[in-house]
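Both of the next two complexes hold chain A, though its partner changes from chain B to chain C.
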Partner chain A sequence: MNPSKGGRIGLYAYGILILAFLYLPLISVGFASVSQARYLSFPIRQYTTQWYGQALESDTVSDLLWISLQVATIVTIISMVLGFFGALAFARYHWRFRRLYQKLILLPIFFPQSVLGLALLMWFNAVGITPTWHTAIIAHLVWIAPIATLIIAIRAYSFDPALEEAARDMGCSTWQTLREVTIPLLMPGVISAGLFSFLLSWGNFPLSLFTTGADLTLPEWLYAKMVSGYSPLVPTVGMLSVAASIVLVVVAFAVSMLTTRFKRNTTN
Partner chain B sequence: MNLVTPARLLDEKAGVSHSGAPPVPRAMTQTQPILRIVDLKKTFDEFTALDSVNLTVDDGEFLAIVGPSGSGKTTLIRLLVGMEEPTSGEIWLKDRRIDDVPANRRPTCMVFQSLALFPHRSVGENIEFPLKIRGVDAAQRRARALELLDVVRLPQHYYDKRIQQCSGGERQRVALARALAFDPEILFFDEPLSALDFRLRKMLEKELKDLHQRTGKTFIYITHSLEEAMVMSDRIAIMKSGGFEQIGPAEEIYAKPKSRFVAEFMGEVNLFHTRDGAASIAFEDVSIDPAVAKARGLSPEFKGYLMARPESVRLLAAGEVADATADGVIESEYLLGSRMQYLVRLASGYKVTVELSRENRVSWEPGARTRIGFDLDRAHLIQEA
Partner chain C sequence: MERINQRLGALSALPVVLFLAAGFLAPLIVVAAFSMMPQKVFSLANLPDFSSYAIMVKEGYWESLLVSLAMALAATLILFVICWPLAFAMAKVFGRFTLVLTIGVVMTLFVSENIRLFGWVLTLMKGGLIEGYWRTWTGQSFDGLLYNVPVIIFGLVYVYLPFMLFPLAQGISMVPDDARQAAFDLGANRWQIFREVELPLAAPGIMVGCLITFVLTAGAIAESKLLGGRAVIVISDEIERAFTYGQNWPLGSALAVTLIGVVGTLAIFGVSRIDLDAIMGRRR
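Showing the complex of A and B:
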């Protein structure tokens, strides 16, 4: 159906408004990061890249990036592995209490993260673990591993269980079935679960705030600097963080495009 | 059409000549059973899916197992390929007991209802899959896959096609080629044609039967479609609530069903129950001359049904005689392609189905009185259980 002229103008206006709502704040942070002035004001009188230079030279910033990167990477890897086996257990095997377990596993996604963070902090104290970025990994996993499991489970539910039976019927051992059929078919789900895990961990604030102890992740530092002692590096580090996320997503897309094309080329 | 098959495909044990000469009739070469099922039972919690069934299948036979849904045919085939474990009973493949052998170590292979083709592999890779698992090298695998494409009548360039690019019929052929690549002792089929349109299904039924003859392999095919079973198989086993109701050649099952269930399952049928309290044998709805009944050897003690298939029943012309007759009114007429079908309502209200070839079509008025009749040598008696 084609909209009338008035309708079309309305649709465009609506689209632009939504996009502006979504992206204007981020764009203004972008402007702030290249403004000479200490505080953001429009119009920008002088553009500069000095904050980026300083940020990249700063030990604090590289420490922040390193800690955030370590947390996100480890959370991603563990989430992918847990999610893979968890999804298989959900979708492929029938066992008692499976449905109940399924729901309980997914429940942490719906908890307010600040409450979850507080609960974990109290728990770490109770068992005598000093919170560092290591404990933040556990906290992130409590929230992110269920999400990864959910993403992979959707994929696992969507493929025909007869594929695995057929592989077995044609002589595959359990391991061969996993390698030849299950893993290749679940891979797209595992990759997107990994991508989500990384981005959710990389940008997570509430869980990190409660559970990193003396260590700081990137979002925590941004918040700390806003509360006390604003630095013009704040928008810059913020933009670096966004840039890292974008790079990851772009790389993931490129890799998936290339592998499909590679596959098509090798089979045609 | 290309009828030349790679010689390697033909099973030497089946005694089939490699020169392209017509296959030796099975009965002359095979006597040894390839599969023996003894008192096989499967229960799921309270539910008995399979109730102590026994079956023997000859080497090289094409057996169709037919039954309505819930009759236990899927359970049976899953037990035979090893995807379910029997509750009790034995499965013998030649002289080896296989009921506790896992599916991946059984020399049998199944074509699934969903076909279960691997979507992440090309047509060629799908066909080669069982060979890859067995550790055959890539060049040999490829050569074999190309041969098999020929056997199932797909062009060689399909080797590189993606499964998603194949039509329903082509996928059937790929699944068949993959199962043949496995080179099983017995090839099982779980209603693989049920999702296809009528014309394609008819074509593939014939091809499958043809392939069975060329390969000499044992095929066990489950289906709920009687027509499919009749076209393809040497023997049909009819299943009902977890057991076999009747096992025999299609002809026998069609013409001489052992029970009302089989009679009605095998297409349209007219059934006339014996009339109680009659001095000599008599049936509801139709009248038989007692002298004829006696001459044909109908016992007065017989209790059950007299069965006449629609094609055995005639619309009698004035003065024409038949062993069993009844008066009625033609109610409707259906054109079934090469045949005509008439529905005749008898005085008792029972509706008799009559089928005539199209040339014998009669002209009739609604409500026209007619006489139906059939001869006892074209009818069959079903003893009541």
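Showing the complex of A and C:
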């Protein structure tokens, strides 16, 4: 019944092909970022790292990085908190409007993001708020907080309610149960939700486009440069933004592996 | 215990519900209200006249909506065909390789959509990665592959692949191996097993995957702008233009309400039929 050996090899090859397809454009961007020519044309004749030097020295780029970093950090913290409680209501407790609530959480994810950004712009205008990068935080959260909720909910589903009940039977208050049992058990989910939140906010473009006002995030600046003509800094800054994401993911993996090993050693 | 559950459930839902009420539902109401306003006003303190909807029909904006929906449908069907074998392999065949694939695919989601599409521009343009090397090796030149409708659909397929792949894999993992084995023992061929066993049992995952892909591709904008060079105008592009160049918020809102009406109906219909607890893996 299961695929033959040839079939299995075919499927592995297909998987690798899809991965290659997903990464091919980034390879082009990578090559473009080290091309000497001011107007890019393949094959590349002369390689240089000068654009990286220019990008790192540029004040515009460091301003963009700083704004994107602030937005992503605040979005991460708030969506971890909203998502933690949201996930308990989503998966753990059986309450009256749970089904309806689950659907409300899904709707912003099933929604065209550029339209959501415009709707928020009109809403801010109607209540008299001038858009700056602060309002972009709200826009990002409308999309990212539900995603964080879902990620933590997956963890909350596999959680044994008897553990909380035991804590309560032994005399813990609701707050103590939360602190001593629920939070530690859901922590891995909360951390991966935080990682997702940061990275999704860092790379988001359609929500930022209408909600940052005069400020610009990194993806917005890249887009503006892309449509207004080629600049050698576009691939370079793009690569820097990708590199920042990769560093964050690698650090997160390393930390999680070290903590598991540390815990195993201490229990032995 | 039951009472405590009720109270804690409502209490912990409260922050995110309040936030979504203010940040999601309220803006939608404002858009709906603006769509009824007279042309080119910037406040809601006017008498509604519904002129935007009339203009939308008269000046052919609905064509952009049809274009967007048709491209979304094409991208969804193509993605289903491309992703099914891989999703099947991830759920049933690959062992550790599933983890590698998952991480590899998720990582691309963290790179801004812009940068990835820009990468395709550099790959496909005249003098880009493909044409440039082809010219060097064969001596023949051809025009770039950009700025047409198929390349927009290609861009949609590329960007939204993860949104089809993961729900499908989740759906297929819900098909018990015993059911497939039994069908095989009773003499079903590969196609019959797919149609009679896998398709119905994996239906929740298929529905989530197709729904989310269709909804997101119908509202997509960057693909047609960056890769398509406006070979066609998609509905989100019309909406954006009405807001920026046109300075006509009511018209933009009416277009947005129409798009939301179509995809929102689909989303609500689909979401209401899905048992989230079953898909996301409740124990018991």
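Everything that follows uses one rule, which is that the second predicted complex is superposed on the first by the 251 of 268 C-alpha atoms of A that agree within 3 Å, B and C clash if a C-alpha of one lies under 4 Å from a C-alpha of the other, contacts with A are read in each partner's own complex, and residues count from 1 in each chain.
Just so we're on the same page, a residue touches a chain if its C-beta (ideal position, glycine included) is under 8 Å from a C-beta of that chain, and two chains touch if they have at least 3 such contacts.
These numbers were taken from a predicted model, which means no experiment stands behind them.
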item: Combined model on chain A where chain B meets chain C, clash or fit; value: fit
item: Chain B versus chain C as contact partner of A:A89, first or second or both or neither; value: second
item: Partner chain in contact with A:M122 - chain B first, chain C second, else both or neither; value: second
item: Which superposed partner A:Y47 touches (first chain B, second chain C, both, neither); value: neither
item: Chain A-centred angle between chain C and chain B, computed on Cα centres after superposition, in steps of 10 °; value: 90
item: Residues of chain A touched, compared between chain B and chain C (which is higher); value: C
item: First (chain B), second (chain C), both or neither touched by A:A145; value: second
item: Chain B versus chain C as contact partner of A:E165, first or second or both or neither; value: both
item: Chain B versus chain C as contact partner of A:V181, first or second or both or neither; value: first
item: Which superposed partner A:L199 touches (first chain B, second chain C, both, neither); value: second
item: CA minimum distance (chain B, chain C), superposed complexes, angstrom; value: 5
item: Residues of chain A contacting chain B in one complex and chain C in the other; value: 165
item: Of chain A, residues touching chain C in the complex; value: 1-3, 8, 11-12, 14-15, 18-19, 21-29, 31-32, 40-43, 81-83, 85-86, 88-98, 101-116, 118-123, 125-126, 138-139, 141-142, 145-146, 149-150, 153-154, 157-158, 165, 174, 199-200, 202-206, 210, 218-219, 222-223, 226-227, 234-235, 238, 241-242, 245-246, 249
item: Footprint of chain B on chain A - complex, ascending; value: 159-160, 162-163, 165-173, 176, 180-181, 184-185, 264, 267-268
item: Sites on chain C touched by chain A in the complex; value: 1, 4-10, 12-17, 19-20, 23-24, 26-28, 30-31, 34, 42-44, 82, 85-86, 88-90, 92-94, 97, 101, 104-105, 107-123, 127-129, 131-133, 136, 158, 161, 177, 180-181, 184, 211-212, 215-216, 218-222, 225-226, 236, 239-240, 243, 249, 252-253, 256, 259-260, 263-264, 267-268, 271-272, 276-277, 280-283
item: Residues on chain B engaged by chain A in the complex (per definition of touch); value: 81-83, 102-105, 108-110, 112-114, 116, 118-120, 122, 125, 129-130, 133-134, 160, 162, 178, 182
